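First chain written, first letter: the chains are A, B, C and D, and each begins at residue 1.
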Amino acid sequence: MISALILIPFVAGLVAFIPQPAGRRRLLLFGVGAVHAVLTACCWVQMPDAILGGWLALDALGLLFLSLTSALFLAAAIYSQGYLAEAGGQSYEDAEEGFLVDNAPEAVFIGCLFFFLGAMTLVTVSQHFGVLWVAIEATTLASAPLIYFHRHHRSLEATWKYLLICSVGIALALLGNFFISVAAIGPGQEQGRLTLTELVARGSRLQTPWLKAGFLLLLVGYGTKMGLAPMHTWLPDAHSESPSVISALLSGALLNCAFLGILRATQICQAAGLGTFSQDLLIVLGMVSLGVAAVFILGQTDFKRLLAYSSVEHMGLLAIGAGLGGAASFGAMFHAVNHSLAKAALFFVAGHLLLLYRTKSIADVKGVLRAAPVSGVLWLAGFFAITGMPPFGTFLSEFTILKAAFEQGRYAIAAACLLFLALIFIGMATAFLGMTQGPPGAGAPTPRRVAWTMLLPPAALAAFVLLLGLFVPGSLSQLLHDAAQAVGGL
Amino acid sequence: MSWIIAALAVWLAGGILSAAMPRGSRGGSTIGALSAVLGAVLGMPPVVLAIAGQAVEVLRWNWPAPYGEFHLELDALSAWFMAPLLVLSALSAIYGHEYLTGGAGGHERKAAGPTWFFYNVLVASMAVVLLARNAVLFLVAWEVMALASFFLVTFEDEQPQVRDAGWVYLVATHLGTAFLLAFFLIAGREAGTLDMTKWTALNQAGGGVCGALFVLAVVGFGTKAGFMPLHVWLPEAHPAAPSHVSALMSGIMIKTGIYGLVRFLSYFENVPAWWGWALIAIGLSSGVLGVLFAQAQHDLKRLLAYHSVENIGIITLGLGLGLVGLNMRQPVLALLGFGGGLLHVVNHALFKGLLFLAAGSVLHGCGTRQIELLGGLVKRMPWTGACFFIGSAAICGLPPLNGFISELMLFAAGFAGITHASATVSLSGVATLGGLALISGLAAACFAKAFGIVFLGEPRDQRAAHAHEGGWAMVAPMLVLAVACAGIGLFSPWVLAAMRPVLGQLSQLAPAEVAFQLGGVELMLAGVAFGAGAFLLALVLLNAAFRSKLRRQKTGMTVTWDCGYAQPTARMQYTGSSFAQPLLALFEPLLQTKQHRRPPDGLFPKAANLETETPDLCRSRLFHPVFMELNRLLGRLRWLQQGQVQLYVLYIALTLVALLAWKLGGN
Amino acid sequence: MFIDFILVLVLLTNLKLLGSSRLGACIRVAAIQGVLLGILPWWAHGHPAAFRVLGVTVGTVILKGVVFPWLLFRALREAEVSREVEPFVGYVPSLLFGLGGLATAFWLSTRLPLTSVVHSSLLVPAALFGIFAGLFLIISRKRAVNQVLGFLVLENGVFTFGAGVIGETSLLVEVGVLLDVFVAVFVMGIMIFHINREFDHIDTDRLSSLKD
Amino acid sequence: MAGINWTSLLSVIAGIALAPLLPGIISRVKARFAGRRGAPVFQLYFDLWKLWRKGAVYSRTTSWLFRAGPVAGLAAAAVALLVLPFGSVPAPLAFAGDLILLAGMLGLMRFMTIVAALDTGSSFEGMGASREAFFSALAEPALLLALGALARVTDAYSLSTMYGALSFGHWWSLGPVLALTAAALVIVLLAENARIPVDDPNTHLELTMIHEVMVLDHGGPDFAAIQYGAALKLWIFSTLLASLLLPVETGMPALDFACTLAGVFGVAALVGIVESVMARLRMVLIPQLLVSASVLAAVALLLTLNPVETKAGRPAFKAAQAGELQRPDSAPAQKADGIDKPTR
């Protein structure tokens, strides 16, 4: 089962590079997405067995993020049908400067999408820290060409920054792995293996200083990938310059994978009795991320960058949730789900706006509700969802995290969170309301229908978030609880 | 409780149906209005029973959400707020059906379906807010209420000022909710549960914590209720919304803030005195400032909005007096304070709803809300005029109408305080007498202006000259409300009897105790009712006498005797601005009215003009600068993301070194 | 012991990288460093070199000693840039920083107790110093090529440690790591090629149009 | 249900019958000061009778409110008279809080007059209406604070009980308080009844008028109603003031009644004197006068709060007042809640 989950995308990736009519390739994209989703669904029914001697196995934590990845990929696969028809092809008119740029060949796009999916799947199922590292680095390499799909200098710059910064981070994470492996070998002990179960089992016998240093490096390394400030700097560029469908995957799936990497490391710290140590670090980075997000969301002029910074904000919330532990880690898991769905939906709609208005500048997009009602409604719904307004799921998850903060008597943290969230809300409200309401005005787009394949995914995702705000299905909350327990919460 | 559930179901179903209707058809609005009315009717029976003091109805359903439980309770307090909600929502719905389809204010025709969806959702969410006993459920309903009302406020979002109003409202309510989040979470922590029925445990919490909770509650709920200076969204949002929505928002929605505050206070056996004093201070300042700013407005609905601030102040004053009474173990003071406050909640819902509906039909009939352009409407829109007159008299606290009854109880509370031995209690009485008297005097002046300039004299503009009365669907609700205002004013003793359960709940006295303590008050109301009756009798008799007398005399019709000036024109009439000028001049330091004047000069003066505008001081002097400054400070940090990849890698390096030094450098 | 000798050499190569002004020279030094790292495992262990160690060594030497330099030189030719490094920070300050970084590395290493598998007290400082040097190269130099080079040095620093404790990690991971690094550098090379084509230069200070 | 004290209907009848005397007295006093003989004291009666027999002329601008104004005002004044005690003689309708009904009725009267004035659409009457609304808004606190001071002194807030309890003993113990209260009441009286120095009823320049200019358009019976209502209002305030100034309480009601009546006429004369010796204030100064009235009343109240005074001069307070709840059965409980039963 697991092998299938990993191999199918890689094989499909290779197939995608074989010259063939575009239609078939797109069909393949959809098919693989569907199959992958089905397989993942099966994992819900019955947890698959570990393979490679326990190196690759699926636990609650993995299944949670695997499901997110798979669902978002399916949505992206459907969305891409319309997107490639619209913006794909040989050349593409650049939104900002308006000159024609040529696209990367569709084979590369779809192929890399498959590799990306495969790498992310590997991340979610790997129980071995080495494999985890390899997989995460692989996601970087697979996604770089995707960001550079529309070949103009800004996307090039974004890709370069993405590649360099993330590689640096990942390299640090590698050293972290080595340190942990050293930590696993007490003086005169048999050589250690880097599988999670092993390390957790050794628990308190791990060597504290090495473990501390190792976790720290992993945190900085994977934190770079996850977009925790101040290592988040690649994120707004990459998200704003890549095609919207890719931005959705980056923000909704990739960041979670990096978060998973950090969570794995915290699991060890928990086992080694270094819980508070790891949690302090997470909370600090989380607060910084919230603050930075607030700074850049207020007065933001580019709606895709706005969404990117909002991702930084929510990654910060996840870190804080995981850092607070207890009920908050449940909240963090829940929030990861809500954020992925809502943010992906928003990026999809951002794709519509980009197609309709040919600009990313907030000031030039006006009256979406009148110009493109469906996209407008989705855009507004996404806004309320991402800012944690009831009846959307994000409210419940943020509420849970804040509640834990208050329960633990950490009033300063809670107050700061509330303050930053309020500032962020003001910033986003200004942007979104200005875009959606009122008459379309001068920059009104030529009225054209957006393909249903591009409308369906965001609508479905938004509906999911709404549903999660009204009630949380038992199986999901069970899974979330298990995942939270795995990282030392409840 | 099953009735309540049925009502909620009807509201939601009707809302969704009306939204689902095709754009063109009028079916959407019909379904929406019908379901709103039907839901209100369904909800009425249990509410009436609960007000009568019947046992608390409880409903606990499992709600699969973190910490969530679908836990509703209908006790006397909830019912006391539910009743006006049901009445006003139904009436506004009937009114709104014609108002919207009539194309009020000449705004672009748009599908009414979504509006009715949000209307019904708003009503349902308000009901849940009033009934919820689970913090999560309360907050969710609270925010849904804010969202629904936001969409209703921005119904005419093609107008820039409406969009601005929507933004202000959304931000204000969200900031308020942030405080409420903190409030509920701290309270939940102290009480050990989010089940609000168990929050009497807060009595064991430390004084500091309770103080903090009180402050959080005042700020959080006060933002919704519209305490000065948190009221800034109110004068923007109420004029922007369609009038029947303004009626609902001003009549009920801002009261949910009061409800939250009262609900919180009801958990405590003995409250610190300073809570009472704080509420008295807030109430008086909101009342006086609200009515002053109202006096300065030229927009009829904006004027009414500021009067909501004033009346919220009066209600809060009552609550404050009640707290002082509880704290001083003065049951009569407590009962009079709470009683006056709560009765004013209902009264304000009635007459403010009435006034907003009347203002709506003025807008509907003339297409403008500008007081200075109107005039003489009482002859063109007789029903609206009569209703607005009754509403004005009621809101000024004039007998024999309901506004007088609640203010009477507060005045009585003031006297009860004054005649109390301890100097501090008497001080509360002094403040009440002086402040409330000033407020009602100013209110009278303001509504003399509002009614006099808009409805009396000659039309100042073509639009007013060609005004037309709305259909029965718009008139009937106003008439019902007017009758209700008069009814409460005339039959106040029975109303007081109906208040016993809720007052017992608030003052934590045994029913017999309440009945005994209220004896004197009932006597007072009986006297007032007698006086009112006598007044009506005298009015009828005298009127009959005069009419018959004048029928026998010869009466002529002519132009107004303007000191002998033979050709009075409409433009020579006194304007609202000139009517308000002396007051504004006296309170200039508080209001800072701006005057733009072009005085006549030269031998042959050209057209001269004078404009006055009174921007909201709290918004222009307090919030705007604060936000600007904040934005500037944060803007300074934006260089962080200045594009150089080298710098970005430097961040990583510095973070790494810093964390290493922090975590490994120690020990 | 011999391993210390190698580690000292690695330290010196890093210092040389910080100090040298010629791109070509830097690349060659990096190549030497790669070879040194390749042979490091031979002395890293008490027990005789196993087959897998041999494999890893060969892989390392080929990649870091031959392939990467070749890639970089090719990128240079493509971009036909002048051979100057064009630093933000001058060479002498760079060297001074190098000394500071070295001191920091040693200080940090004192925080980490020696274990049976870390056979030399120089191992941790050398690794950390390599990382610092790499980061510093990325930060202080303008050229995209320089940054790839810096990344390589950073990677080498990590690898120094990895090679030192290679016994503890498994072959599959080793291979995966090498593969990843290879692909990373390869893709970076491609990017440099594109950058050059887009801007006719590889100064990354022009690559800063995306900002807030 | 509050009981009606039928024996005290006499005072109401007195008010209805004698109110028109007061303006006559005032003008007579003024005439004497001016060295004229002046109009007969009963002038107003003649005027009212004449007006009542006249017809009326209405402006086409006006609506039913214009006709309703005078009538409603008169009715309100009559009801206000119902709760007005006459010296120590209680009012027919007496209950705790009746003074608020009094204030309310006067407010209603004022509101109706203002509305009726605005109904004509005349700029002059609008001006008068504006001033009336403005000044009465400022006078309202003064009146209630003054009554509050009396309530504090007499430890009750039913007019009849208050004035019933008031005695020269209070003047002895709390002279300053009562003096300040009286001063405040005087100012309120002058303001509310459109008297110099606030308003000049018989100037010839409408620009300077307040009350008179509002009723320019009324004629015939309507104007009679307004005049009569104004007289009743003056009667009410004079009674409030007179009963405070000389709170006689001899055993026999007849004597008390006579004294108070004399007091009322005395107040009217006082007003006449004030009008003769003072000039009308400039409009801008009137607010200061009214605010100062409120200040006087407030000071009076604060003086009563002074614990020393309460101890020394006012045995009126019972321990029950300070106190914790009374059981229904205990007798003083009836007063413990600060609400007292109607006096019979």
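FYI, contacts are C-beta pairs under 8 Å (C-beta built on N, C-alpha and C of every residue); 3 or more make two chains touch, one makes a residue touch a chain.
These figures come from a predicted structure and were not determined experimentally.
Participant: I'd like to know which chains remain joined to each other by touching when subunit B is not counted.
Facilitator: A, C | D
Participant: When you average C-alpha coordinates per chain, which one falls nearest the overall C-alpha average? Tell me, please.
Facilitator: B
Participant: Tell me, please, which chain's centre (mean of its C-alpha atoms) is farthest from the centre of subunit A?
Facilitator: Most remote chain from subunit A, centroid-wise, comes out as D.
Participant: If you average the CA atoms of subunit A and of subunit C, how many Å lie between those two points?
Facilitator: 30
Participant: Suppose each chain is reduced to the average of its Cα coordinates; what separation in Å results between subunit A and subunit B?
Facilitator: 44
Participant: For subunit C and subunit D, let me know how many angstrom lie between their CA-based centres, rounded off.
Facilitator: The computed centroid separation for subunit C versus subunit D comes out at 99 Å.
Participant: Using mean CA coordinates as chain centres, what's the gap between subunit A and subunit D in Å?
Facilitator: Distance between chain centres, rounded to whole Å: 77 Å.
Participant: Return the residues of subunit D touching two or more other chains; collapse runs of consecutive numbers into ranges.
Facilitator: Answer for subunit D, listing residues that touch two or more other chains: there are none.
Participant: What are the residues of subunit A that contact at least two other chains?
Facilitator: 160-161, 164, 168, 172, 209, 213, 236, 296
Participant: For subunit B, jot down the residues that touch at least 2 other chains.
Facilitator: 638, 641, 645, 647, 649, 652, 660, 664
Participant: Tell me, which pairs of chains are in touch?
Facilitator: Chain-chain contacts present: A-B, A-C, B-C, B-D.
Participant: Which residues of subunit D touch subunit B once you look at their complex with the stated criterion?
Facilitator: 1-2, 52, 54-63, 65, 67-68, 70-72, 74-76, 78-79, 82-83, 93-98, 100-101, 103-105, 107-108, 110-111, 114-115, 118-127, 129-131, 133-134, 136-141, 143-145, 148, 151-152, 155-157, 206, 216-217, 220-222, 225, 283, 287, 294, 298, 301-302, 304-307, 310, 317, 321-325, 328, 333, 337-342
Participant: Give the list of subunit C residues in touch with subunit B in this complex.
Facilitator: 88, 104, 108, 111-112, 132, 135-136, 138-142, 147, 204-205, 207-212
Participant: In their complex, what parts of subunit B are in touch with subunit C?
Facilitator: 638, 641-647, 649-650, 652-653, 657, 660, 664-665
Participant: Which of the residues in subunit B come into contact with subunit A in the complex?
Facilitator: Counting only subunit B, the residues touching subunit A are 63-68, 136, 139-140, 143-144, 147, 154, 157-158, 160, 163, 166-167, 170-171, 174-175, 178, 181-182, 185-186, 188-189, 627, 630-631, 634-635, 637-638, 640-641, 645, 647-649, 651-652, 654-656, 659-660, 663-664.
Participant: Using the touch rule from the top, collect the residues of subunit A that touch subunit B in their complex.
Facilitator: 160-161, 164-165, 168-169, 172, 209, 212-213, 216-217, 219-220, 224, 230-231, 233-234, 236, 277, 281, 292, 294-296, 298-299, 330-331, 334, 369, 384, 389-391, 395-397, 399-400, 402-403, 406-407, 409, 414-415, 418-419, 421-423, 425-426, 429-430, 433-434, 437-439, 469-474, 477
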